[in-house]
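Read from first to last, the chains carry the letters A, B, C, D and E; within each, the first residue is number 1.
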């Protein structure tokens, strides 16, 4: 049977939500980063789907830039994780609550 | 360029504040005499304004208009009509006395005088301002110096009192701001709707020949209100309808009422009085409380007369609480400054009653009482400040028979007590009597509640006589409390006596011959009462 | 529209070159000489600032980079704001880094790259470059926030900031995807089929209702994503911790730079993309957004001001106060949206926001420079109680910080007062429109919050003047920082009293906002 | 003399004392001589000038229209409802000149007397400044042209009594007495203000823009038949209320029944003060006002009856209390109270002439008695009559003058008191019970004055001092006043006995308060009681009864205290409870004390509690506390862990999307 | 290379089958990535998920993007993740300590609610989506070389974002170095 744009959007929605659940649930900073990457990819999927529907290249070029930005972000986040790990020997986000209230 | 007197009276204290910045803190005498000089200039200016004010012409004189912010229609728009001249005179006398009295301040005098002068610049700005933004700008300008004055140089639980005072003043100012803004945008729409009237306004006023539709100029708003109300019945017309006025007038009333302490919002003022150093409480009680009632007259009555006509009778009921409740609480106070504090809120009740009576004699009496009460309270706090610096206690039970030790201050305090009890020969009597006539006249005109209000007001005079004489009796007469034997120095030299004598002279001069001031005030209140009069005719039908 | 005409993009190019020069210079300079890289940055940026102030505000909008870069009055105004922020941050951080003693070259280059990002954000004309330049700004700020890598607080601030930031980026991308899906076009203004300039908002306006719903979902997720930059309510959570953790100059840069960038984008999206209510359309898209932003503005105002009352740490207090100020700026946004919904032309809200941001820069910078001086560059404690008796210990510092605090509180002779006045006046104007009477409740909320904010600002002033100093070792005011602070204070007072020319500058922005 | 010289003379009389007072306080405080000279000089010149005016007025005959000159004090011009103008000025007619002469002459004597009495007192110039200020305010009342002016000087007199009573400010009892006097006066003024306002607006309501304050205008309205009925129909019951309220002002000043408590305590002040103020002039101000506005009272029947009864009660009550007093000044104080009651009773029964005449004579012999008492106190340094005794031998002049005063007060034939008391008793025929009260009071007056004279001046000297005759400067004024007391009465005698025949004092008085202001013709109006004409001859039966009762009173007091035939103690036991009631002054003081201490202070404390706890406690601190709570809750939301942050963001976003986007679809 | 894919899928039904297969793989891998305790296992599952996603791109005829996805994401970034995990050499007990994450219900519910809202939006706007993907398209993606189709606009129309991304990457590198280099 025919695959409509809606199917792609639903898949993207599911992926996005899984990414959200991951960010919320997991304590390990690295896994949180991975889930963030997943969320960005879900958004890329929506872009490609709509690009396909409208038939113009803007969506695809947007995905191209999105991927580069995601890469840069991943690099910086990992750098920060390493710096924090060197300070406290842990990447568990629950231990990082010195500042509160 | 030519600086009109009204601009000068604002610029002089502002200039003194700036000059004081550059005087090194060590040179205390220079600081003091510079501040006193500044204050003296304002006295000279206000007296010349009083003298040269042309009563025949009346209306706004000494005007000056300089555009400030083009796009929003804000301009440095100052001038003085009958009411402002009286208020400016009051402020300059009080600041003169305040600066002289605070020659005794030893802790950081430079900052003290800078803040005092900034405070007074704000107050002058309000009384001489004709632009709604300028009015609000200088109104808020006076709040923070008062906070710091009380906070740093104050006495009993100053933190709590000063914070409460500042928050109350700001809340009041901000509520009034929303009212002003509604008026501003409403006038803009009105003039956009009928540009012909804007043309007519430009020709009528040479000063504002380039006025745009959106402007904070008070005269423009009054002009719009007047013409809008001529267009149709209170409910039917589109601009400045009764509904709009019943919405905006309470905002202005509550905003300014919080400062002229209307009954439920008055709790900040006695605490503020008691905690403040003598100069600050002189300015605070003497002048700051008058800003509120001045605001109600200047903006409330002129721009929203129908709203005022409907709501002022309710305000009159609140004034009764002010007078009787305030008087009773004053009677139960042990601290002398609290007694004077509550008596001020009780006297301001008369001012509001005068305004609420909405007739010429009532309004004249109200403005004259603002003047008289201002001088009287400033005198009271100056005197208390004098002996408080030496005894460090104001509790009536500890004081006793001070008149033997400090006779001059004793005599002045009795004069003050009698003046505040409404004794003829002092300005308070003439003004209170006119307010009573005004409120009885309103009762005869139809609002029969005012019979009760007048009776209670007269009874308020008796109450105020009771607690003031009791305070005088406790503090100054009777046997001298042994612990003050030889410890307190009297105001012996002519220099220390000057502020008190100046204030008493003002009270007696305008008490014995009130015509001097009342004719000037009458030129100011006349047009306002006419506006209120036609508004009442229009609103008479609608319940 | 289809030319690159690079001459319009000279400021950005100049900035990138400046950043590269700093990076390279860092390699060749001896370790101790590296710290005057800060002066190079400050010098370079002041040249740029002078150049920007020299260029006249353009009457019409010009496009560069094939229509993806628009140079109009609003962009120029904001670039001036960013340039001034850059200079002040550079001056502030030289002293700070000298004390911290690590990696000045990278620090200043990152600051400059962040500035380039902000310049690009100011004159963005499509979603793609919007996303990329915004990510450039946030990325640099992630790194700068975690710059003191040996300090636990800075690390923690970095982690929290990047997790929330990345999530916001994801949401924004998701939003943009749906708007692109609905309209099929990423650029705000593009050459339509008949050679005429077409606004994206026109295409959105004449979408049929199904796609309108997608576009509305896209707008909501996008604008709420932008709320992260601006510290609006659902996205305010990171602000207190990051403001406290990050090094003080970075906090200053964050509080002014990224907040201004966020507001520019929201204004751009509203003016260029959000459609006015088409007469026939049933789904009043704009009306929904007005209600959404009114709710957010109210919550932000009350949250920021109320949570600031019990604060003990001054930097954390500045965090909550910046949430409060975001609330006031959102009032302006609501005013703009309401005016757009009613199809009005004048956008007083935008000039109010522009003026408020201009005043906010100097007030906040003065405050943070004061904090840097007080803590002598160390990050130990910013507790408010340490500021007790500052009036006696360092009168000039106390005076400047008091004026800054009072300007934040909105006390008349200072800039903050007229800013708040202008914003509340614009929201009252919006409340005059028929159907939007209930906006007066927002104006009342703004008024109440002036009083609440007055309380906690005065608590700090109270400690400075009314209490006795706890420790009495003297505070040395380094000359450059002192000059910068005094300059800011003088400007705050001057803007406060002579608002005329500055309001002129702000209203000049309106002309070229639309097309 | 033509009108403006009369007016200028009146202005000089009025303003001389206040100019003296100002000069003394500001400049001559240090030198005693000059300040004494200034103060006494001003009053004496006032006295002489008023005597000149008196002769001029007598020369012009009874019905001359009053000379009025006034200047505008304050005004409110209102085109809609008509202008309200408050003036101050001088109204010179027979009554005001008579009163001004009394104040001048009696005042001069007392001022001279005070020179002696106050010698050696350190607050000398302060005393004379206040004394001159009092004279100014008293003259202000005398020459008042309208209600506002009389009210202004009414309060000034109240203040000067406060200052003079509280002269010894070291003594707590003195300052309390001063405060009490001021407060009671103030309560009186409370009534008067309302009365004035009621009258002003009633007149303005009916007659439009007429100056409702000025006496001349009001007199014209009230005396003219048509306008009066028009006004009374419009006012209905309010007319009586207005008149009575104005009388309340007089009650406060002339210490009538409910407001009399302050006069006995006012004895704390120095004796010249008591002599001048609390005997001769000040207390008479109330009666003077009633006479001045008689055209208002005469027509308010209900008010008149009330006034008469209040006068009667005051007279009787005060007389009974005086009988049991031991302090000589207290006896005289209560006797003044009862004489004032007499005058008011007379006025209340359309006998204003009698009241005014009694006021004049009473001023002379009461001042005499007070100064006599003063010189006795000065000599024996005690007030208690039981510590005196046998002074007749040592203080010849004081004794004979005192006895002359006593006889005059008791109303024995040739002396002044007889004529004026006779007039009052004949006027009080109108209400029978009051006539008998009058006679009873006459008996009691004679009794307690006799008691005082016998115990103080006859028998042995019981005190430990060594009394000596006071210096000439003190007893010479006594002698002058004694002469007036003896021969002064004839002036007001009925026509056939009167040396001036038809033109006696009564004829002038009658004309003054009944004539129509403008127009010379004297129009005798028929009073409701028909007594409008002058009494031709003595009412024989009234005179006889009066004298008999007075002589009986003296004889009984001789029995009790002179020859000790009856013992006073037995009489005390015999009266038992009545005695305790009377000696405690009918517990009125305690009742007022209860009112002030318990009721007023209680209510004040209640209000202060309401203020502290409800308004400040709940509203102000409540709001502040609420803000602080909310602040704390919001602060707690920042838990510090990233997961909670992300959850909050997500929750917020979903809520917003549901509310505004998805919601639009379902309940949009 | 593109024509092969094209013919394979042109067989009609094949398109649906491919789509369902790839999305099933992607979603399953994503769920497992979240559930796995050991981060290394999570990385592996994520790589699989990205490859599945690349497959979906292929069904959308964006072949170049699919290749980039596999090359950059699955290859470079995941390798970086693995490298960092190794760098942090989480010892055995660290992994043991990582007990199954306590499930904070609020968060999960919020995420599910978010998905429901996305779903409702899509359903609400479905009337406009009735048309199948292909039918919508009209003519197929720029036939032949999809790399050229991206390349030309990337360096002409969209040059500006490209330049900004270059600055972004530079900043990222400088930042990463500044934060992690042992001695600066």
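Before moving on, here are some points about what is shown:
Operating definition for what follows: a contact is a pair of C-beta atoms (placed from the backbone, for glycine too) under 8 Å apart; a residue touches a chain by one contact, two chains touch by 3 or more.
Predicted model, so just to flag it, every value in this text is computed and none were measured.
Shared contact partners of chain B and chain C, listed by label: D.
Chain centres defined as mean CA positions place B nearest to the mean of all protein CA atoms. By number of C-beta pairs in contact, B-D leads when B-D and C-E are compared.
Summarising the inter-chain layout, the chain whose CA centre lies farthest from the centre of chain C is D. Taking the CA centroid of chain A as reference, the farthest chain centroid is that of D. With centres defined as mean CA coordinates, chain D is found 78 Å away from chain C. Inter-chain spacing, taken between the CA centroids of chain A and chain C, is 26 Å.
Chain B and chain E have Cα centroids lying 71 Å from one another.
Computed from the mean C-alpha positions, the centre of chain A lies at a distance of 8 Å from the centre of chain E. Taken residue by residue, chain D touches two or more other chains at 635, 638, 640, 642-643, 646-647, 650-651, 653, 657, 661, 665, whereas all remaining positions touch fewer. Residue positions of chain C touching 2 or more other chains: 128, 132, 135, 139, 142-143, 146, 149, 159-160, 163, 167, 178, 213, 217, 240-241, 455. Those residues of chain B in touch with two or more other chains do not exist in this structure. All chain pairs in contact, by the document's touch criterion: A-C, A-D, A-E, B-C, B-D, C-D, C-E, D-E.
Those residues of chain B lying in contact with chain C across their complex are 67-72, 74, 122, 133, 136-138, 140-141, 143-144, 147-148, 151-152, 158-159, 163, 166-167, 170-171, 174-175, 177-178, 181-182, 184-186, 189. For chain D in complex with chain E, the residues that touch the partner chain are 643, 646-647, 650-651, 653-654, 657-658, 661-662, 665.
Looking at the complex, you find that chain D touches chain A at residues 635-636, 638-643, 646-647, 650.
Across the complex, chain A meets chain E through its residues 1-11, 13-22, 24-28, 30-31, 33-35, 37-38, 41, 44-45, 48-49, 51-53, 55, 57, 60-61, 63-65, 67-76, 78-83, 85, 91. The touching residues of chain C, when paired with chain D in their complex, are 159-160, 163-164, 167, 171, 213, 216-217, 220-221, 224, 233-235, 237-238, 240-241, 283, 288-289, 291-292, 295-296, 302-303, 306-311, 452, 455.
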